[in-house]
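The structure under discussion appears below in the form of structure tokens.
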Amino acid sequence: MNYQEIVDTLFEQIKSQENKGEVASYIPELSKVDPSHFGICLKTMDGREFGAGDWQHKFSIQSIAKVLILSWAYKTLGDRLWERVGVEPSGNAFNSLTQLETDHGIPRNPLINAGAMVVCDMLLSQAESAKDDFLSFLRNISGNAHFQYSEHIAQSEKSVGYRNIALCNFIKSFENIKNEPEEVLDFYFHICSIEMTCQELAQTFMFLVSDTIKSFEGKIILEEFQAVRVNAIMQTCGFYDESGEFAFRVGLPGKSGVGGGILALHPEQYAIAVWSPKLNSKGNSYRGMKFLESFTSMTKSNNF
Amino acid sequence: MNYQEIVDTLFEQIKSQENKGEVASYIPELSKVDPSHFGICLKTMDGREFGAGDWQHKFSIQSIAKVLILSWAYKTLGDRLWERVGVEPSGNAFNSLTQLETDHGIPRNPLINAGAMVVCDMLLSQAESAKDDFLSFLRNISGNAHFQYSEHIAQSEKSVGYRNIALCNFIKSFENIKNEPEEVLDFYFHICSIEMTCQELAQTFMFLVSDTIKSFEGKIILEEFQAVRVNAIMQTCGFYDESGEFAFRVGLPGKSGVGGGILALHPEQYAIAVWSPKLNSKGNSYRGMKFLESFTSMTKSNNF
Amino acid sequence: MNYQEIVDTLFEQIKSQENKGEVASYIPELSKVDPSHFGICLKTMDGREFGAGDWQHKFSIQSIAKVLILSWAYKTLGDRLWERVGVEPSGNAFNSLTQLETDHGIPRNPLINAGAMVVCDMLLSQAESAKDDFLSFLRNISGNAHFQYSEHIAQSEKSVGYRNIALCNFIKSFENIKNEPEEVLDFYFHICSIEMTCQELAQTFMFLVSDTIKSFEGKIILEEFQAVRVNAIMQTCGFYDESGEFAFRVGLPGKSGVGGGILALHPEQYAIAVWSPKLNSKGNSYRGMKFLESFTSMTKSNNF
Amino acid sequence: MNYQEIVDTLFEQIKSQENKGEVASYIPELSKVDPSHFGICLKTMDGREFGAGDWQHKFSIQSIAKVLILSWAYKTLGDRLWERVGVEPSGNAFNSLTQLETDHGIPRNPLINAGAMVVCDMLLSQAESAKDDFLSFLRNISGNAHFQYSEHIAQSEKSVGYRNIALCNFIKSFENIKNEPEEVLDFYFHICSIEMTCQELAQTFMFLVSDTIKSFEGKIILEEFQAVRVNAIMQTCGFYDESGEFAFRVGLPGKSGVGGGILALHPEQYAIAVWSPKLNSKGNSYRGMKFLESFTSMTKSNNF
């Protein structure tokens, strides 16, 4: 079977099975999403594209954006990034404060909420207008000039984000946040609010598939040693307390979001985006996990 | 540069630099090892072999053996293995009891002490003579009929292994050990006592590089889907609380031991064994980590 | 020796010894206090009063106020108070979030910050104007019409209270805070800002010494079964992670504050207030602890 | 009502109500006990004695013995005892290893299993024949020459004591156990195996009610400052994770055992022993807790 046939076959097969799990309910806006959405987009290094289902329907990428802000920070700040955030898997739920207390305010990695906040804080200290600059970065790497923050999702999250407010103030109490928590949280909530289609998501992440993929302006985006490290962090930390399971079953670097999206990639081969809003008990898309496991198995493209 | 030149160059370079860290002292026998030992063996899928330094000098492989017992257990028991041990990184020191308490006696993964003990327990329940059978397995996959347990290292470890005795009895109290703790610990300490040279170690692990590598008897050792999963677990869990760091810097699945050995591999390309007894603060070989970081960087063979 | 002689003797003796520890520095206003202040006031059930040193000098009572807000809440809300806060010692630092995570947002007891916030929240839901009403309660039980919140201390604490903001939002995320965190924190910071002299403090707490002590208006303040329970909580939980040590050395129910004050009492006998700003490593007044240990030893009035 | 009437009234009242909870099942011998047993003995400082129900029926005192071994150790070793064990409530289940890990092998207090083991270890290092000497101490303070270890209970506990074996080896790994764990555990299991009646238990503890109570040989048993400290530790640490609740409801220093016994005392007034085998979810006697709460309420002898 060629890629399109594989994508279609697995799409139909999983669509015909029961859709388990729950749509994220803690953010009011996200709970309104139709749980039956299901879309896939595979994009290969040679530029081919294979879609199925709702692959051109926008959804909130949520935590998947943490990889993008990390990439921009790594490009901008270089290795001093690692003075204030670690690269170890957390072994706890995504918003745990316990580990932060043990580690004196140094988040375990940049793909948990605490770590992404510290990354946001560093960028706020660095850039004139971090919010605008990050949008520019996104538009430039994807060639998509229309990416925008979703104000109503950002506000929706802010209105109920007590755990995140707690997290940010807690890190601040350890002095690992330099700006005011409100400012950091505003940036953080905006980043998570971005909406993309599976197609746009796969396209946007091509710079991590290979450093031969250039930005819209024709420039290299991350040095190769940086890209492999971002991928390594996705591999070990991309799925909260299910990161090991994802490596075990799917075998690719990837990142999930509570909006039901998952982005995964095979270095030098492809990026793949899946979206289905119902989440398993660990907070990762139920159908997304299933699809990707079958996909790497069928294509024998597990990275191990 | 070809492989031999790269191995030699990096060997000389790192040998000329200060050798930091401490030799493991908690096991009396290990503390007697000459800290200046340093050896490397690279073995490629096409059968070539490149060595440097003390690459044909025996050392205690210690926890690296956990991957071998896991592989044998996976082959023998199949997926019911995962009913009693997880596949998630632990995010804590290698012998932590805290997480075990939270997880009601189910170890986070089979590459921490607790997890390896549960694996040993399952094998004891399954096999007539687990200790002998495991040696046969080892000899068969490596083609080396001389592998033996080191009784004096096993005894040395048993004599001071209070933390491990605690761990095993603790799991037993959750009923996730079925045999008597003494029996499980005896098997566990023997497995960790095995001595190999870098050359033997690299040779022994070739079955995880590719399923085209057959056993001495000409049989497939692990199914491909099993081999990639063992590799995935090594990637996310192989270096205790430094697993993320190893993925970040080296980018290969691997496993370290307190004897100062590290085994890493690149799927479909090579296995590499490094040995230097001085350990960094996380319990992994100082020079071993350094060598492997430089090696994947120079050969551009990072897996991400 | 009579009480005055004992108080004077111990005062002089401890004053002549080195004054160890550090003045609380995390609240700007508190760090400005002269560390050499040292005052004591003992008030007996029969109305006699014995003072020494700076016993009529105002200081910030800080966490000692938690006992007063608890008492008012117990009087106002009765036993439904205990549906949202426990009565167990915390076994952790006073502002730990870890235990709160384990206990799903139910603070261990009302004398740690988290617990006092929940008490404040319940009172805010109950009273029209909780801030005014609490002041009235205080004035009534003490007969002192001049008690006031210290706006500059409350503001000083608010300006740096990241840990407390984190705590309150964290509890809110478990839905054990019903009002907005800002409102709860405002009430909480104001309560902690009250200033009293040792004399006023001892006087204010007489209602916990015996239920025969009436309010200014001649009414009983707490039922006896309530007073003994507040005392029991002070005994087991009044000194954060040094509660056992205080019971062990001093043997009285009591409560400390980071302003350097300690209030202790012997049921049916006396209340005693000590103030000295330098704190030991557990956050309790160095000289205060010393004085009280010697006092109960010399007067043989340890409660055990 | 006089004491006998109060004891009888409460006994009948509680006996007529449902008997909730579960008999301890983890030690085989204990699980065989008839759950309907219920006995009380009150002994006053002036030598009077009031019994009800099965007050002269032997039962396994289990952890109540920790107070006795602590008392003997305090007498024998003095304050150097506190170099190796703390006096703080634990805030966790009675056999938790987590806190021990955080505290580097120093148990929080001598009334949790870990702490009692360290006390046993210190006594083993001190005494020629600690097991015999402790029996002599017991016989001497109680005037009862017949106290014996129960070998079958000690063996029963040893046969399933995996958690305790874990605990003891864990402390050993921190070097806060000096003798061999087997020896320490043997002593510990024997101490917990002692059987007493309610009458004997109350009699045995009279030395903590007042230092005017002498041993059988007419000697003072503990100095007053020592007795009040043992009482203080019972008050803050005697009921594992329900110590605060016991102080709150009953208001006396006390200690429970998984055999269903509870010993409590009011300084300078009385000792009281209650026995009923069914335990609440925290591991304390369901009827015992109920009886004591009603008793201190009815006699207004709450210590606060």
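To keep things simple, chains are lettered A, B, C and D as they appear, and every chain counts its residues starting from 1.
Everything below uses one rule, namely that contacts are C-beta pairs under 8 Å (C-beta built on N, C-alpha and C of every residue); 3 or more make two chains touch, one makes a residue touch a chain.
If you're wondering where the values come from, they're calculated on a predicted model, not measured in any experiment.
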Min route length, chain touch network, subunit A to subunit C, equals 1
Common contacts of subunit A and subunit B, by label, are none
Comparing which residue numbers subunit C and subunit D contribute to their contact, where sharing over half means same and under half means different, the two sides are same
Between subunit A and subunit D, the Cα-mean centres are separated in Å by 55
So, in whole Å, the Cα centroid of subunit C is separated from that of subunit D by 32
The distance between the C-alpha centres of subunit B and subunit D, rounded to whole Å, is 47
Among subunit B residues, those touching two or more other chains are none
Which chains touch? The pairs are A-B, A-C, B-D, C-D
Within their complex, subunit C touches subunit A through residues 96-98, 101, 162-163, 165-170, 172-173, 181
Subunit D partner, complex, touching residues on subunit C are 86-92, 99, 108-109, 224-225, 227-229, 231-233, 235-237, 241-245, 247-248, 251, 253, 267, 297, 300, 302-304
